[in-house]
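Lettered A, B, C, D, E and F in written order, each chain numbered from 1.
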Amino acid sequence: MSVYAGFPATLNAMATLVEVLKESGKTLSKVAVHAGSAGRYERGKEWLSRIAPHQEQVLKDTFDTINPDITRYVIEFGYGDIYARGILPIRNRQAATIAALAAKGTAPSQLRFHIGGGLKAGLLEAEIIEIMLLISLYAGFPAALNGILATREVAAAREGL
Amino acid sequence: MSVYAGFPATLNAMATLVEVLKESGKTLSKVAVHAGSAGRYERGKEWLSRIAPHQEQVLKDTFDTINPDITRYVIEFGYGDIYARGILPIRNRQAATIAALAAKGTAPSQLRFHIGGGLKAGLLEAEIIEIMLLISLYAGFPAALNGILATREVAAAREGL
Amino acid sequence: MSVYAGFPATLNAMATLVEVLKESGKTLSKVAVHAGSAGRYERGKEWLSRIAPHQEQVLKDTFDTINPDITRYVIEFGYGDIYARGILPIRNRQAATIAALAAKGTAPSQLRFHIGGGLKAGLLEAEIIEIMLLISLYAGFPAALNGILATREVAAAREGL
Amino acid sequence: MSVYAGFPATLNAMATLVEVLKESGKTLSKVAVHAGSAGRYERGKEWLSRIAPHQEQVLKDTFDTINPDITRYVIEFGYGDIYARGILPIRNRQAATIAALAAKGTAPSQLRFHIGGGLKAGLLEAEIIEIMLLISLYAGFPAALNGILATREVAAAREGL
Amino acid sequence: MSVYAGFPATLNAMATLVEVLKESGKTLSKVAVHAGSAGRYERGKEWLSRIAPHQEQVLKDTFDTINPDITRYVIEFGYGDIYARGILPIRNRQAATIAALAAKGTAPSQLRFHIGGGLKAGLLEAEIIEIMLLISLYAGFPAALNGILATREVAAAREGL
Amino acid sequence: MSVYAGFPATLNAMATLVEVLKESGKTLSKVAVHAGSAGRYERGKEWLSRIAPHQEQVLKDTFDTINPDITRYVIEFGYGDIYARGILPIRNRQAATIAALAAKGTAPSQLRFHIGGGLKAGLLEAEIIEIMLLISLYAGFPAALNGILATREVAAAREGL
């Protein structure tokens, strides 16, 4: 049974919902929060802009000349469906994404993008460094150190250094 | 320069510190929060118990007969050094660990352990399911679905089903 | 510019299109073949049934009790968007999927599922064995041998042995 | 029991054989198609040239000064034994190889080489893009997007752009 | 220039050669030690027996019914070409193999096989445990702990417990 | 029960100990060789210098400006705890590390560092090339060839070419 009639305008409404459900003991996980079939692109474009204001255009500039469907899938499914699910604030989503990409170690440019997205969404550089240090336990020191160096590079670029 | 004189007794002190530093604009990431050389095992044992109350004994029962140093390293470095660093609440550490292990897909039993640790530390099952859905974007659907199934199994076992 | 007005009913139309475009020198890759926003679930359900006739129900039985959105995403995006793209016959899609999963070695149950899907879609067991032998060159012998054993198990089960 | 007396001169003979076996119900997979112990290097050199006409020389130029056995193993086993097995046309072998390397994400230069090999062997750029989009489902979007960018770069270089 | 006229009968000759070359300053790495095209299967069978006396038969029993070429490739290339290269004693080859498989974490049964092969070839269980502890630094604790448990299981089975 | 009263000054003492224990049949693996809590940094700094004389300073120059704890963890745990464990000579530790990193393929700069460390610790370039050729069997040719190229580059740089 879905308790949502549409896409919440703010994160506050979602946070309140989570607290209410926690206190009421309802099994939140069984609640469908699929954001719906309509307006997936526009919704995705809005969520993507919260971690990188111009990224929709960057994606189009990079991929439209290869095939116009590529950016559509990333924005519709990645951001319009998954990121729009609420429950987890966008800052926590970025933290999980950063951890996953740092642990895998196979996508350095996307790791940099999401470190930037995390900083934009409110993570501190220090918090991202902590995630990387944790990665030393689960993927080894090379993955952790490479993640730390990436974090400093991205943070420095954002500081205009 | 380290701003800590010792290991903070509660998470609240750490949270306050983070807010103060954020507001003062100090670069928190440059602050050393190494928890010190003394009492690493005891400190680690305490942090480990926050995600799994009996895990120190489980580790000793499993590994002492192979070599008594194994549990020492896990507890001293993993929990006594890294988990004890503060900055990131233990619930967030578990979220990052869960994301990393689910994305890698090479350690199912440790993934299960940390899902349990996450639930113990205050993550909702729904929040962990959200992490797994995010993993579909960064490691593919098989990793995500396997993580979802693990989450439900661990949560069910904790509910005594 | 999209050359499709809707979802082709048969693979033959797609094959003809590919040949026409090849001969005319048009850059096929720039042709958008996004199957459209409407009816993604039904379309996905139909494509999924081509590799496993009852899998939609299996997914719902497995995941609906955890969260009803999970099966929706797999079917809507995985099969309704990606598998429905044409260009590559479903048998070739299964071959690529089998190669990817065998090379990664992190999702044995999904590998088995897609080996079965490949056989259903018209791949010969011998052709799948050839893919696995190729995997020895790109992911090593353990991945190849594990893939070969999985292929034989799935084929045997389908033969009713 | 091997049905081959030697190495088939053309792919057509192999295709015919596959069809005959399919129709006769024989279990093709149990047919040994080991191309034999003699002439492995020459046979491998010929198969390698079908995906990259000058690659034998490139391998020798790169590796002979390190150790002359390296190129021998790649050509003898990789191409003289595995690629020479028939059953799967070389274009399909390249498709599987591309899928495996894109999913792993750990060998970008070899992925580029085999994308080029695939185009040489008759795959369309559009078909390779489809494989990469499929990879988004099994290894995540970063792997898929990196594969797509590699595909366009290699195709552009071949077009002399 | 190859200094070998054929396959050395014992490891002692190889060890002596290595020492002579080290002392004379010759660049050993440029020395081709390809063991030759003749007798690859018999040579491979003999090398394989040094780590597992009955493994050739186990491979044939497992794979011949799937395709008789599989065991041929493993034995001819894996053991007849690569393991037969000398330079590195078989015990050191097993140590490197164990490290690689433990770090990858994707092939538990092959990891167990090669732990057994390492013990057979003269590695101590303690030495293998040391490799696994090193793996904690380069692939994380889960990989290390899983490798340690596998080592103890295999060693215990060999002790008849 | 620990048979060590402190940190052995030379490797010879360790080698002797291993032989004595082997002959006496004692189960070496159950012997704790934890190097102790005191002086971990200094001990680690000394072990690290055996594979790279100036690396402690390189680590500090790279990471202290990000967070001074990073280098402490690498040196204290990586080298002061794990590398200091004896049992396995440092040359064998480097061989295992090289195998692990080459097989994973996700940390090229750390692979280069440890190839250099291996050469410093007494491995021959030829021995490292042999490890890479073995990697072809367990992680595929791309990993092996990339490892071989890295080995030659590092060796060449050390020869001043």
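The definition used in the following text is that contacts are C-beta pairs under 8 Å (C-beta built on N, C-alpha and C of every residue); 3 or more make two chains touch, one makes a residue touch a chain.
On a predicted model such as this, the values are computed, not experimentally measured, just so you know.
Chains touching both chain B and chain E: A, C, D, F.
With steps allowed only between chains in touch, the distance from chain A over to chain D comes to 1.
More contacting C-beta pairs link the chains of D-F than the other of the two pairs C-F and D-F. Of all residue numbers used at the contact between chain A and chain C, over half are used by both chains, marking a mostly same-residue interface. For the pair chain C and chain E, the distance between C-alpha centroids works out to 37 Å. In whole angstrom, the spacing between the mean C-alpha positions of chain B and chain D is 44. Mean C-alpha position of chain D lies 27 Å from that of chain E. Touching two or more other chains at once are residues 29, 31, 65-67, 69, 73, 77-78, 82, 85, 101, 104, 106-107, 110, 126, 129, 133, 136-142 of chain A. Chain contact topology: the protein chains form a complete graph, every chain touching every other one. Within the complex formed with chain E, the chain C residues making contact are 104-106, 126, 129, 133, 136, 140-143, 145-146, 148-149, 151-152. Taken in their complex, chain F has these residues touching chain B: 29-34, 37, 40, 65-69, 72-73, 77, 81-82, 85.
Contact residues on chain E toward chain A in their complex (touch as defined above): 136-143.
Within the complex formed with chain F, the chain E residues making contact are 18, 22, 27-29, 31, 77-78, 82, 85, 87-88, 92-93, 95-104, 107, 110, 124-127, 129-131, 133-139, 155.
By the touch criterion given at the top, residues 62-63, 65-67, 69-70, 73-74, 78, 101, 104, 106-107, 109-110 of chain A touch chain D in their complex.
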